Structure formats: C-alpha cells, structure tokens
Amino acid sequence: MKLYEYEAKQLFSLYNIPVPEFGLARTPEDAKNIAQKLGGKAVLKAQVLVAGRGKAGGIKFAESPQEAYELAKKLLGMEIKGEKVNSLLVSRAVDIERELYLSIVVDRSVGAASILSSSEGGIDIEELAAKSPEKIVKVYVDPLVGLKAHHVRRIVESMGLFDEQKKVLQDITLNLYKLFVELDCELAEINPLAVDKEGKLVPVDAKVIIDDNALFRRKEFAERASAELSEFEAEAKKHGFSYVELDGDIGIIGNGAGLTMATMDVVKLYGGRPANFLDIGGGARADIVEKAASLLLKHPNVKVLFVNVLGGITRCDEVAKGLVNALATYGKGKRLVVRLMGTNEEEGKRILSSAGISAFDSMEDAAKKAVELAKVM
Amino acid sequence: MAVLVNKNTYVVVQGITGREGSFHTKAMLDYGTKVLAGVTPGKGGQNVHGVPVYDSVYDAVSKHPELNTSIIFVPSAFASDAIYEAVDAGIEVVVLITEHIPIHDSMKFIRYARLRGVCIVGPNCPGVISPGESKVGIMPGHVFSKGKVGIASRSGTLTYEVAHAITKAGLGQSTAVGIGGDPITGMNMIDMLEMFREDDETKAVVLIGEIGGDMEERAAEYIKRCSYEKPVVAFVAGRTAPPGKRMGHAGAIISMGAGDAESKIRAFEACGVKVASTPAEVVKLLKGALRIG
Amino acid sequence: MKLYEYEAKQLFSLYNIPVPEFGLARTPEDAKNIAQKLGGKAVLKAQVLVAGRGKAGGIKFAESPQEAYELAKKLLGMEIKGEKVNSLLVSRAVDIERELYLSIVVDRSVGAASILSSSEGGIDIEELAAKSPEKIVKVYVDPLVGLKAHHVRRIVESMGLFDEQKKVLQDITLNLYKLFVELDCELAEINPLAVDKEGKLVPVDAKVIIDDNALFRRKEFAERASAELSEFEAEAKKHGFSYVELDGDIGIIGNGAGLTMATMDVVKLYGGRPANFLDIGGGARADIVEKAASLLLKHPNVKVLFVNVLGGITRCDEVAKGLVNALATYGKGKRLVVRLMGTNEEEGKRILSSAGISAFDSMEDAAKKAVELAKVM
Amino acid sequence: MAVLVNKNTYVVVQGITGREGSFHTKAMLDYGTKVLAGVTPGKGGQNVHGVPVYDSVYDAVSKHPELNTSIIFVPSAFASDAIYEAVDAGIEVVVLITEHIPIHDSMKFIRYARLRGVCIVGPNCPGVISPGESKVGIMPGHVFSKGKVGIASRSGTLTYEVAHAITKAGLGQSTAVGIGGDPITGMNMIDMLEMFREDDETKAVVLIGEIGGDMEERAAEYIKRCSYEKPVVAFVAGRTAPPGKRMGHAGAIISMGAGDAESKIRAFEACGVKVASTPAEVVKLLKGALRIG
C-alpha cells in the first residue's frame, strides 16, 4: 500500500527524521492559513499516489498566503494521470544546494532489504541506475542480522559530506531502517534528500510503501486502503477476490492468479481487450462464483464474460451452478463463454448445457470465441 | 529419482486439524503420499484420517524419526513460527502453502532455512509433486503423470494447465514444483534448474513465470552462464497486465519500471529458451526441443 | 556478576514478572516495619551471593513484626560460607502448593541460550539433571532468530498446568527471555517458581548473573561490582590484572591466564600452596610488572613470590626491571623465584643476576624451588 | 598443507592503525605472512608498515580480491561489527584477537559465521600459526617450527610454552591454533580435531584445555565416537582453581558444579588420550605416542 507524501512525512517525524514543517490543506483557506503560519512563502504539493506529479504541474511555489490560496484553488480538484487531487501538502520551501538520494527497498533478487544511496538525488533512481550505476551505492542487509555500523558507514562515506553532516545522515539512515522494518515497508525513500544553503540535510520528498500482507499489524492504514477502493473493487475485496480493473470489454474470471493472467493474455493475443482480472481463488463454491460472475455482468463495460476454470480443489459443477444463477439475474444483453476442465467436469458441463451454455475444453478455443463475440456485439 | 520429494518422503502436516489441512491430508493419503504425522498445538492425541496428531513437530519427529518433509497449512500469522519449528526439528523440505505472509517475516525465515540447508517451497504455493512417488501439496494429482519433464512454476492452476497438456501428450513429469507467487520464495527458478540438472529422470524443463521481480531474468542468465544442458521451455503470464497493480499474487506486480513480461520473454529468448505464447504451445515447443513428433 | 536476590527481583518487576511483595532491610527495625506493612507475617532471607543459604540457616519465617525484628537481629551480621549478611529481603510468605523450575542460561556447548524447565522445582537443578534428566525440558534458542512461540509452547505444555496458568507461564517465559537478552545475562533463574494454594504462579526465588564483559552497558551494576572488591582485588583491577585470592603462601604471577593457572597447578603438584592467581596479561612494561609484584609482596600471606613469564609480546628485560624495583621496595623477608624465557631473555637474566636473583629456564624446576623455599621459611 | 592458514593465506588487518594492530602487522610481515591490506574506517589512503589502509573490508576486498583471511584488533565494542563486515565481504577465516566481547554478541556472530561457512578463530585468542607458511596472530613466531604436531589450545602463553618444548624436541608443529579463552568460541576443539584429521602433515594432536565449560569432555567424546586415528595428548590447566572464580579468561570458571579440571582429565583418559601433568610432560607423552625416542 502506497502512502501519501504527508503520511510518509508524519511517519518520518515519528521516527525522528526531521522533515520541513508542513500542514495538510483540503481547501484553499487551509492552504492560506498554513502558508501564513510558515511565514508567507510555501510550496504546495498535490497529494496523489501516481508518480510524476511535478511534471504534471502538481507542485507550485507561493510567495504569499494569498498566492497559496490562488494556487490551491487551481490544484485542488485537478486530475493528475487520472487521479483526483483532494489535498495539498503545504510546506516550508527549502533552499536546495545539493540533492542526495536514500532509499531502502525489499530486494526480491537477494531476499533482503537493500539500501540504495547516491550523491546525485532528485532524479529518477531507475534512470540513474540504468545510466550511471557506479553513482549508486547498494548495501544489502542480512535479515537475520539487521543493519550494522559498517553498512551505514559505506552509505555515509559515499556522499561527499562534512563530518557533522555525516553524523546526521547516519542517524537518518538508522531511523529510516528502523521505520522500514517496524512498519513492514516494501519501500522507504527520501528523494531528494536535500542539502540546503546552510548545509543542513532536509528530506524534501518522502515515499513509503507498506506490505499489504502486513496491514493487519497496522490497522489505521488498512482502513484507509479500504476507503479508497472503487465500488467494484470494494465488492470484490469483500468476497476475497483478487480484482483489477482494465479498460476492455471482455470480463475475465479464472481460478488462480497465473491462469487468470494467462487467460487475459490469450484474449489479447487473439485481438480482444480484457475488461478486468478476477481471480476467484481455489475451492470456490457456487455462491462465490455467482457473486464473481454477477459483479462482472453488472459492470457497464463488460460485453462478454469469459470464465476459465481448471478444476482441482475447485469443482466444475459448483462453478457451473454459480454461473447459471448469475446469468439468470444479470445476464441480459451479455454473453458468456466458459472453459471448464478438471474435477467434476462432466457434471459441470451438463449443468451448463441444460441452461443452454456450451463449454470449451481448450482455453485457446474459448478465448477465440470470446473475442469473436465481443467484436460483433 | 525426481527432486525434492520422492518415495522416501515422509510427511508431517502442520495445521492438520484445520479445514484445509485435513482436506489435503486425505487427498495426499489417497495419492499414496506417506503422511505419518500431523501437528496442531493443543490437539495432540487426536487423529485425522488415521494420521496421529501431535502438539509439536518436535514430538512428531521423536515418534517418527523418519519424518523429513513438512507441509504447512497454518494461517499466515502463525506460519512463520511453524517454519522455525520445522527447521529446528530437523525437517529437510518444508512446503509452505499459506499465503499472505508479511514479506519481512518471510525474508527472515527463508534466509534462516537457506543457511541451515533446508529447502523451503513457497510461501503461497501449491506444493510439489513427483508423480507416482509423492504429492506434497494441494494440486489435483490426476492431471500429472510420471515422465520426463521438470516443471518449476510461480503459479498454481497454470501449472495444472500445462501439466495436463504434458500428460495428454504422453511426456509426463519428473517433478512439478509450484515455487510460489510471493515476491520472495524459498526455492527459486535457479534452485530448481540446478536440481533438475542433476536429476537423471528429467530430460527437459518447463519454467512458468509471471510478471514481477526478475526471477525469470536471473534464471535466463543462469542458463546462459552454465550452458544448461537440458532443453528449457518457458511461459510467462501477464503480458497484458498494467503496471503498478498486483495481479492476484503478492509477487505479480510490475513496479518501478521492472518486472514486465516482455523483459522476461526477451531474456529467455536471448539465452535460447523457447517461450510459448499460450499454455498449449508449451507442449509443442517441448516436443520440438526433445525432437519428438 | 552475580546479583543479589533483591536486585534480581527488582529486575523481574521491571520486566513484568510479578514477584511477591518485598522490602529490603538493613536493620532489625527495617525488618519489623516491612513485616508490619506486609500484614505481620513475613519471610526473611539473608542477601548473600553464595549458594546454599537455606541449609545454612539464612532463611527464617516470622509470625509477627516483633518476631521479624528478633530474627533480623540474629541474621544480620551472621556469616554464611564466609560471606557476611548485610541485608535481608523481607517478603510476603507464599503458601506453596507445588514448585516448578524455569531458567535461561548461556549454554556453552551449543553457543546459544537454553531454556530449562521442570515441573519439579525447588531442588538443585544439577542434582535433578543428574538423577532424572527426563524431568527437565531443555529448549535451545537460536541467537539469530530469538525466542519463538513453539519454544514457549514446549515449556508451557510440560508443566502440567491449567489453561489460565499456562497463559501466565507463557508471559513469564517471554519476559524472562527479554530480560535475559536485554540485560546480557549469563543466567536468569526462577527456582522455585511456586504454584500457591490459589493456583497462582509466584517466583519465590530469583537468580540473575550478568556477563562481566557487558557491564559497560549496565553502569549501575558495574559500580556495585567494584565496591565489593577486597583491597587487593581493587588494586589489581585498577591495573587491569586478573587476580584471584587463594589461601596458600606462594604468590603466583604469570603472563596469560592458562600459563598462570598451569603455574599454580605445578606448584601444587610439587606440594606447595598458591596464595593467589595474578595474570599480568600480554606486553606488560616494567612499571606494570613492578605494580603486580609489589601487590603480592605486600600481601601478608605471601612468603615466596613465583614469577613465570614466557616472553612473546612481553619482553623479559621489562619484567626483570619491574621485579628488581618491586623487590627493592617490598622484598624484605620475602623470597623471589623467577622463570624467564623468550623475547629479550638474555638481557632480562642479566638484569636479574646483577640484583642477585637467578632465573630458571624451566617452570617445573622453578616451581620446585619455590615450594622448597616456602617450606623452610 | 597445514590447516586454517597456509601459504595461500592473504590477510587484511582490521584495526590496523591502532597500537596493537600496527605492532602485530609489522610482526606478521616480518614472519612472512602475506598481509595485503588494513582497514580502519576514516583512515583509508594511509599506510601502515607499507600496507595500504582502506575504509572498509569491502573496499579492501575490491582492491585485493585474493584476500581470504582477516585478523581483528578493534576494541570489544566494535569487534562484533567488524566480524559481520568481514563475513559479508567474503572473508573465509576470521581471527578475532579482541577480548571482553559480551557473550550475547559473540553467540550471534559465531552462529552467523558458522551458518555462512566462515571459520572464526577466537574471540580472545592469540591466533593461528602454520610455521613457515603463515602467522595470523600475536604469538612469538620463533618458538614455533614446521613439523608434525597440531595444537589446539584455549590459552595463549601456555601454547607457546608447549610449542617451545615441541620445537626443542624437534617435532615441530603443522598448525597451532589458539581457539580462545572465552566461554563460546568460533572454532572449538572438535572443529580442530576434524581439521587435523584431514591434514596429512599432522601426525599427532595436542589439546590444551582449561577449567570451565565442557569443550574438553565433548572433544573426548568425539575422539571416542569416531575412533580418532591420530594420537592425541592433552594438558588441562586449572587443577587448583577454586570454584566460582574466573581465572583470567572469561571462560575459565568452574560454575554450577561443572567444568573442573578433574572431570576433563577423566574424560580424556577414558577415551585413551594421555594427559600431561605439567606442560613439559606433553613432549614426553607425544614422543611415546609417536614411538619416538
């Protein structure tokens, strides 16, 4: 789960990583008041989760509280890459002399946290990694041992800092690691970590991603995550489906994430456009299948529903029953293509055929059919 | 010989009294797997489908010293403890079915198990099957048949899909391993390639990858580096997945510009691995590689 | 460093392991007052570091504050195995139904903490281990992983307790382990861990030993440790010598712990009695050697000083100089036997012989000489 | 071949700019040890007796990839970090001279090193010498001579004492290892017995024990269990040590009724190991065991 910048900065403060003074504005008045408190000048930053808000005009500098008000009026409600701006972080502007980079990430390749640092911050780290990998210092931390002084030294020594700044960076690194571990982060990033005109180290931006699987340990975030789902996403979540919305017209239901993805891929391969990804998981009963199918049949974009089930723990007869029921209620104007194989396949196909639905044996053939149907509807 | 599990695999089921644990204990017994013991703290003395239940893996191992493999069905909040318990009790292969385990927990126990020389399959996986010898997992046994293809897969049902096709084609599987859909798994594709390399029964390997991470790229790099002797065929799910969204599996996400299907497919192709565009095509490529049909 | 029972119990309280209410009495009045507060009845326990105080009469039960006063009067100032009783722990007496055992110890054999528990507490655990090892449950904790739920379950399930008691024992075990790790303990023991007539678990006795090498992290204990040293021990410590007092008449100085111990052993083998163990360590200069030799020469019990140095980093000439100086000041009525070998041996022997001291090449010959001299003095 | 250190030992000195580190760097160089690099954080770029100093072991290893051994002189509060740094930088043998390291720290890094397959000698030890090949330690090189006796000892000067006698007798040493005087050490007597067993040069082994713990008893048990092929002679210091007192070494204490010299001597004698009553007697027993003189 991605946190907003202001949430990340609140966590930074909690972990003694000093961030520039800020407030959160949900109205232009808020922005004006916060700017006033900060002494007039302020930077306004749109709080969105998508990347690249700077280039999209989501960051503005105000010279006065009044200008903060005017800018906030423009920023609030605007859309950045499809995401609506509901709040602004209004912060003391920093006089940046240099920009550094510091992040901690779960490194899938090595199965450990890795700390990335660079004396060239502010830019996209992937870009830097591709262009000048030698400018990035990467330190792996053994998960059983944790962060040791020698790790921190390697990071601190690589930045070209004075002794006093080194001490500060050391503390920032230790605290960021503590935050990273204690809050089950996938990523904790400071980019840029600015050195201001007075030589102080100031985290200007902050990015934190928390492991979804650990949200049970952080209830406050879990609630926020639920609140932000679309109607369809919320309902899918309620039933325990994995659900991702796409922009096509063929609804996809599969059992198992890999199979469902492969189903999407095959649909696309034959020229169709998936409307979503919905994985009912293993062992779904008729009522669950009915709910999944109903959800997609109700979706305005879905013309054809393509169900691909390979029965293992999941029983084909249960799937068939659920589909028939869903179709009876929500099937008007929609088409259903089913591929069934595995446990109780015969019985499943019988149930479908009594409802006038024929089932395919091969997912490729079924996909072709679904694409064909979607094109003519 | 097969890899990871075989005729000499003796299984303890951790979380045997739960719904899943009990159901799959039955299914494993029906398949012929040697399930000797189950563990559920506080339920020692009961039995599940004739399998005696103990309070701890330690107790189970004391009574059944031949136990060498564990399969874990306990809920995610307790799974990590179950792993340490199994490792400390001397279990050699641990199959971790449980999903939704926090990644900071799995980083630790995976590291620990690796240092202790214990193989962890999973988390978030369907398990391992060596057809005709042992099934330590939740896969439908009937789609598999004894044969010559080793499968390592990040996905469950997709494995069954491909295995079924391989079975129908008469090639069969030496061992099929669902390594798990999490970002970090105990066994990875390179581990499996290494094991299949040493296994006489395995004549070809199928890798089933998906978006997220760079496990496929690293496998490709390994295949190239060691001039892998056996033919390898791959399938990668998620060509149409949008960036930044988790596709069901915790590990299936294109993030920070990395982990998309195209990069994986390119990496495989660059090292001579044939990549199928549909699951069905895997068999065609396998036959080509093995010069059959 | 061994802690007193009252110190250990204070730490237990700090780590949420509930101990019976108690106070520390340094006078009979204290004892009376504390007993009063506890409701009249109380148990008085001599605070000494030696084992076996119960059998030595160091634990008494008082039925009234007045009796507490009388008993305290007898206990305070008494000696238990040579150790003077300066304070008493005055505690609520526990109605014991059953006695359990729980301890955590650094296990040298496996290089890890091991938790020992038994449903038969109250007795000497070594005795139990020898007699009925099957009655002890031993659980090793991997130092990299720490205590896990499955460890605790094995301990808790072995005690024959009710569900509610199990929960309490689980917490005690977790807290004791936390204390053990956070305070760098070599041992943390509850023996007995009583079950009282109401079924409550009550730690009746408490024993904690802290790693001397970790005292720099626990300044409060380090100071207490220093305060308790004898005059000779304190001076030895000041100079960084390892020093142990024994009851013989031949003072022993060596460089290196093993060599010094072996020197004592050889003296004993030839019929002599070592007065002490003093290891000057590696690379000692003349002034340090002089201080070590002076310390022993000043000791009333020492008749003969036997110095055994194998020069490596330690230079024989420096040793010789130090000895000659010490002898000049404190040598009256004492005899010196020296064995010198190694770096700058020739020069060392020359210095000694100009002062009329001859040095041996073999430690066995030197030891024989020292024993012989001590016998005739 | 010798064990632990030999002609192919390339050494980095951690804490090289300190008094001890610098002094012994000189002594090791004089002995012929291949000291290629030193490390002191913040002092990179200096040199000590011609040895280049780096800020980290990582830097040193980057510049000198042949480095495989480290000797650590840093103060106890920093020693544990130095160990992890060495292990993570790929060093294979770490000699830890430092004493007074808290035991909870050493339990952790010793466990870690063992799981990583790294040999830690120490803490609180004089190091290792394979006479004529390499000296990675603080022992006086001249009391040792190339030969056939392997020594493993919990004590420093006592090792020199015995080694000197062995040298005078013309037997010499294959390798002498001071395993350290702490309660828990990286290499223990069994590890050394195993290494000496595999070493062709070693014809007999001397174990120098002392009071405290049960390392000697376990070594005796091992010798019996595996019918150790080479003759072993032992000496145990501390027959006259009183219980409950630490005799110089953190590990040398008879505590809770265990660890006294008599028990160790009995254990050795029960498995056929001859125990010398004085250091000088070790040579006599060795000669007997080797049927010399």
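As written, the chain order gives the labels A, B, C and D, with residue 1 at the start of each chain.
Here is the rule we use: a contact is a pair of C-beta atoms (placed from the backbone, for glycine too) under 8 Å apart; a residue touches a chain by one contact, two chains touch by 3 or more.
These figures come from a predicted structure and were not determined experimentally.
K.L.:
Applying the document's contact definition, name the chain pair with more C-beta pairs in contact, C-D or B-D.
P.N.:
So, comparing the two chain pairs, more contacts are at C-D.
K.L.:
Among the chains here, which has the CA centroid at the largest distance from chain B's centroid?
P.N.:
Chain centre farthest from chain B's centre: C.
K.L.:
Indicate the whole-number Å distance between the mean C-alpha point of chain A and the mean C-alpha point of chain C.
P.N.:
58
K.L.:
If you average the CA atoms of chain C and of chain D, how many Å lie between those two points?
P.N.:
Chain centroid spacing, chain C to chain D, equals 27 Å.
K.L.:
Where the CA atoms of chain B average out and where those of chain D average out, how many Å apart are those spots?
P.N.:
44
K.L.:
Distance-wise, how many Å sit between the C-alpha centres of chain A and chain D, to the nearest whole number?
P.N.:
Roughly 54 Å separates the two chain centres.
K.L.:
Indicate the residues of chain D shared as contacts by at least two other chains.
P.N.:
In chain D, the residues touching two or more other chains are 108, 112, 115.
K.L.:
Can you list the chain A residues in contact with two or more other chains?
P.N.:
Within chain A, residues 142, 144-145 contact more than one other chain.
K.L.:
Indicate which of the five shapes (line, ring, star, complete, other) describes how the chains touch one another.
P.N.:
Shape = complete; every chain linked to every other.
K.L.:
Okay, in this complex, where on chain C does chain A touch?
P.N.:
144-145
K.L.:
Using the touch rule from the top, collect the residues of chain A that touch chain B in their complex.
P.N.:
106, 108-109, 111-113, 126, 142-144, 181, 184, 186, 211-214, 216-217, 242, 244, 246, 254-262, 264-269, 274, 277, 279, 282, 310-313, 341-343, 362-364
K.L.:
List the residues on chain D that touch chain C in their complex, please.
P.N.:
Per the stated touch rule, the residues are 23, 76-77, 100-104, 107-108, 110-112, 115, 138-140, 143, 153-161, 164, 181, 183-184, 208, 210-215, 218, 235, 237-242, 245-252, 256-258, 261, 277-280.
K.L.:
Name, in rising order, each residue of chain A that touches chain D in their complex.
P.N.:
Residue positions touching the partner: 140, 142, 144-145, 148-150, 153-154, 157.
K.L.:
Can you tell me which positions in chain B touch chain C when the two form their complex?
P.N.:
Interface residues on the chain B side: 41, 55-58, 78, 81-82, 84-85, 88, 108, 112.
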